[in-house]
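Once you've had a glance at the structure underneath, I'll fire off some questions.
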Amino acid sequence: MTTVKPESIEKLRHVSVATLATALYKRGLRNQTIQDVRPLSQKGRNMVGPAFTLRYMPAREDRNTLAEFRNPKHPQRHAVETCPPGAVLVMDSRKDARAASAGDILITRLMMRGAEGVVTDGGFRDAMRIAELELPAYHSRPSSPTNLTINEAIDINVPIGCGDAPVFPGDIVVGDDDSVIIVPAHLADEIADEANEMTAYEDFVVEQVRAGKTIIGLYPPTDESNLETFAKWREVNGR
Amino acid sequence: MTTVKPESIEKLRHVSVATLATALYKRGLRNQTIQDVRPLSQKGRNMVGPAFTLRYMPAREDRNTLAEFRNPKHPQRHAVETCPPGAVLVMDSRKDARAASAGDILITRLMMRGAEGVVTDGGFRDAMRIAELELPAYHSRPSSPTNLTINEAIDINVPIGCGDAPVFPGDIVVGDDDSVIIVPAHLADEIADEANEMTAYEDFVVEQVRAGKTIIGLYPPTDESNLETFAKWREVNGR
Amino acid sequence: MTTVKPESIEKLRHVSVATLATALYKRGLRNQTIQDVRPLSQKGRNMVGPAFTLRYMPAREDRNTLAEFRNPKHPQRHAVETCPPGAVLVMDSRKDARAASAGDILITRLMMRGAEGVVTDGGFRDAMRIAELELPAYHSRPSSPTNLTINEAIDINVPIGCGDAPVFPGDIVVGDDDSVIIVPAHLADEIADEANEMTAYEDFVVEQVRAGKTIIGLYPPTDESNLETFAKWREVNGR
Amino acid sequence: MTTVKPESIEKLRHVSVATLATALYKRGLRNQTIQDVRPLSQKGRNMVGPAFTLRYMPAREDRNTLAEFRNPKHPQRHAVETCPPGAVLVMDSRKDARAASAGDILITRLMMRGAEGVVTDGGFRDAMRIAELELPAYHSRPSSPTNLTINEAIDINVPIGCGDAPVFPGDIVVGDDDSVIIVPAHLADEIADEANEMTAYEDFVVEQVRAGKTIIGLYPPTDESNLETFAKWREVNGR
Amino acid sequence: MTTVKPESIEKLRHVSVATLATALYKRGLRNQTIQDVRPLSQKGRNMVGPAFTLRYMPAREDRNTLAEFRNPKHPQRHAVETCPPGAVLVMDSRKDARAASAGDILITRLMMRGAEGVVTDGGFRDAMRIAELELPAYHSRPSSPTNLTINEAIDINVPIGCGDAPVFPGDIVVGDDDSVIIVPAHLADEIADEANEMTAYEDFVVEQVRAGKTIIGLYPPTDESNLETFAKWREVNGR
Amino acid sequence: MTTVKPESIEKLRHVSVATLATALYKRGLRNQTIQDVRPLSQKGRNMVGPAFTLRYMPAREDRNTLAEFRNPKHPQRHAVETCPPGAVLVMDSRKDARAASAGDILITRLMMRGAEGVVTDGGFRDAMRIAELELPAYHSRPSSPTNLTINEAIDINVPIGCGDAPVFPGDIVVGDDDSVIIVPAHLADEIADEANEMTAYEDFVVEQVRAGKTIIGLYPPTDESNLETFAKWREVNGR
């Protein structure tokens, strides 16, 4: 698995998903943002970590009685107990929020074990309680029925889809107060650097725009003088 | 109509919709949660009461002019004026939120008459104002057009669908800050008891998990020692 | 283009979209509310202004590289830089929120130029930041990918659809904390008057209902005595 | 119930659903066509008869075991056995085709009892066999699971929605090789007359267009001379 | 893997998917029918064979260039070249028909290698040509773009979802002119027997109904005399 | 406007939409196939011609009475009367098939004027009759209500979206028995050449596969010997 530099993880904590989407777009990657997924509560900080995945398939009734949860190797529970500290558990719930992908007990356990966050393209039950946890969590909408109704957890840490985005184990997952994006592992370092630079420029641009400047020539900087002003701004602001 | 014990109603005020969904799932009922409906504002308490229903059908233009509201027996207005105190008005709006199921005047009247709450699988107009009322209200999304545009109120207190859940008059409707579930009247007492017990155990589990315990063997309690610890916990906590 | 009286604009600041929807419904206009669009943050005040429109079409990859934004006449940027003060920029994003209609830099610039607000039937990126701006903004859901992924801005100030509502340049756009409606320019003055009257009656009704009165005979006022009480209420309350 | 003249029924056998939709549109009725429903096989003739309705609600598992079909009063079976000869059985399946509204045995029985046709906004099982029956049948798509999986038949001959069209018992249902429309009973006679006239003109227009004429001035006949030509055409063609 | 008797496969060739759905429903399995999938052309015979599966995930652009097809182990091509004779290739295309699951060259090869059929919950390209092949094929709708646009083939012969039905390798797939169903391998023998019996009775019932009999007491046979008549019918008809 | 060679038009008559989709995909164009649109009847030949476009917007009731059709410049009628011979009329009906994009009279007129074909991402009324015309027509599904109900024709020959594909006037539209694709005008000549070559190879491959050859090494031709065999095949078959 590709190793991502700790500095990159740190940089990714300070850039927006929108900026990352543009950086990936420059490299021809258009579908890395997880569609139609939102934070249960806004944390004011980014979730950043490698993806650890769980795949759901449609549930067959005879394989999905409550008794199944007595099996300590049940993939849903096993995923929660084996997700590495610092990782983000990403669930392929087949974009079906009619049943829960997990509830507050499992997500609390995930948090206690040191996970960085959790994402599903389905919904969480006990969403009101999960929203109060420290751990960032993202889903489509609250959903109270047990996952057994609709979905069977079948595979751990295989490539999956989540909200129509491709997710490979080890890809870097970044979530902000808007949405979640998947940065392919082999691109994470360069994307982190580039997004960091882009963010500095965007912050400068916002300041300029708030001061009354037009975006023409400024964003993007087709008027070279803006780059000079930016250079000075960086010095002054230590960025 | 089946009579539900007042103690059951009280117990249902202190359990989550998710727990009820699991209790019903054990009995083979998988579709009692109203899908894709959410509270207009979170109340921090449960809505619990017997269902009083209103059925909408598609509106035919010549039958749905504003003049229709002059009829004191118009089913929408009549439902609001006859919904019993303590009951929850549940509307089958055919999952169509392009027009309003009701607005703040009717919902305020419903509240004044002592209703416990209101649910539609369409949307409310004046949602911002309804959200500020004491009365719990649940819908799919805000919707400003008058119901006449899309829906005609046609029947009161017949069996309906709401968010793909079956609702019979007198069924017990329970809503929390996540969603709403329909407990069939004849099961309400036993479900209330069971959910109450389940909630005690879940509260115990959350406490254990927050203290660092694994969920394996604990949730569900396949390791018997957890049941012993739970027994002591109940004593200490008076539950 | 039809001229709308400044007093009408002022009146429209104090009526709800729901009331306007009913006033338009009386005139046979059923589809003026923009469907499935919501405020990024509730402002507690109405957005009111003439529509200035931007039309998107599906993006063709060779026409939608990041380099396109270097063109000062790119319609998206041009729209932002030419939207008149007091106007509402309304975007036809083909109801596709898989890519952003705009982000915080452009919306900030729009605000600085004096626009009254912005509406898209797609989604905004940097939604968390746009929500904090003074400027009212409405969309379907947050969406981080750049618009180039899905949509190409192609036309400025032509008739468009937005959330299935017809929007002609110069129509009066009114948004409250629930949703957004399009008042055809030639009807704006009379609708403003009528909605203003309706709002007075509705406020009276809410007060009556909160005091325990039934809605039968009151809303609508089929019992004439209610109109007398209303007349006195207007005097007392100066409305 | 309104009585419709036998001549009207006969006339409705020779006009298209499209023509009827326009005739109803002139009277302000825009939503009478059943949306997203198609013939299982094209019959080359119209289905015409009064609506006899069946309403489905979401199925609750304990009420919908196969044993329920042993009840001779089960509404689905009862509807088939009581639908009057000449009537069209119209089913409100909540636009949910994930389970069958009925299968070939029931539809064969319906045919043997003299029904004119059958329509559902869900799907039929054994669709390949139903397609071969004389009886016109319309649905959304083939669907093999028993209706018990999703839907419970709950009411007979009440007002319903079918494919978002309002259907009242006794309304005249007309289906052609494209789709199905609901003509309100009280309008059926005048609509039949008008559509009959419109059809004569449309047949004339098609002939003219095939002969090379422009539609401008002809359709609609803003050029008066076309009406004169039409008058002669009617004489010649005996219409 | 469970072994299914050759006689069972043979029996399954002569029963409908609808009958199988009911037989599975009796055992509590409600979701085995693949939803919203239809034959490209009606064959007038059943497709029956064990499932061999292919799983797609969302495509990431850098992994899905046309060059990928040069890899002889590309899972899509590899699946076609390793699907056992007599098996049905079932593809989980995530219910996304915006790109093709396969085209006529691959499906022709699959046929030449002796496969029994092919099913996708996406769409096939070259559908007009695939429809002319002997091999039964089922999909959602024709779709001309190459699968690389949307989907990446990632896994062979793992448990998947197809049209919201759970599919395990080795399950028996049965398709008729209406739709496709998945019979779990361990139930295939008993379901084949039972469906065979049910079909005999259904054929008898259709004959009776065509002769004018009511369905009450006959279907289901609550009137015992019908079972006697059926017994004679079986003798006479050798079933 | 770019001129496309007549030979290219001719070549495009003999290649499939699927092949064109792949040729465009090689150039980075992934979304040129019109999604979810199908032929009203299969013609066994391709429709090929430059796009002439019509844009619909949502209908406002006061602007869309039947009287509007009396206006000879009504864009829908005007488009039909001005679409050049050999061109394909492509309609942006906002993917809304609840009302008709056109009916048999207009489409017959279009045919008489020499148009090559017609495409809408909505639906046609009188679909059964249009299907019988010589003119190729493509839509989403039959739809009987007049377009006035939902859509207003507003612009002629502007860039539009159709089934989520971008369409510029003059782009070459190609339809086969499966679907429709938009070839950008400036690429049409080279795409025609390339697709022609690809088709020769694909025909060769199908022949080889039918003779029992594996696709590995053949499709794509990673085994060079296949290219030699192909060279001979071309000679023999004069391609």
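Some notes on this structure:
Letters are used for the chains, namely A, B, C, D, E and F, taken in the order the chains are written, and counting of residues starts over at 1 for each.
Please note the rule applied: a residue touches a chain if its C-beta (ideal position, glycine included) is under 8 Å from a C-beta of that chain, and two chains touch if they have at least 3 such contacts.
What you see is a predicted model; the values in this text were computed from it and never measured.
Traced through touching neighbours, the fewest hops from chain C to chain F number 1. The set of chains in contact with chain B as well as chain E comprises A, D. Of all residue numbers that take part in the contact between chain D and chain E, under half occur on both sides, making this a different-residue interface.
At the far end from chain C, in terms of centres built from Cα atoms, lies E.
One inter-chain figure worth recording: chain A and chain F are separated by 39 Å, centre to centre, where each centre is the mean of the chain's CA atoms. In whole angstrom, the spacing between the mean C-alpha positions of chain C and chain E is 49.
A separation of 32 Å divides the Cα centre of chain A from that of chain B. Multi-chain contact residues of chain B (touching two or more other chains) are listed as 30-31. Chain pairs that touch, as defined above: A-B, A-C, A-E, B-C, B-D, C-F, D-E, D-F, E-F.
Only residues 16-18, 20-22, 25-26, 30, 33, 35-36, 38, 42, 176-179, 181, 202, 205-206, 209-210, 212, 214-217, 219-220, 222 of chain C touch chain B when the two sit together in their complex. Contact residues of chain B toward chain C in the complex are 66, 69-70, 72, 77, 80-81, 97-98, 100, 103-106, 108-109, 112, 125-128, 141-146, 148-149. Here chain E touches chain A in the complex through residues 27-32, 57-63, 94, 96, 152, 154-155, 158-161, 164-166, 184, going by the rule given at the top.
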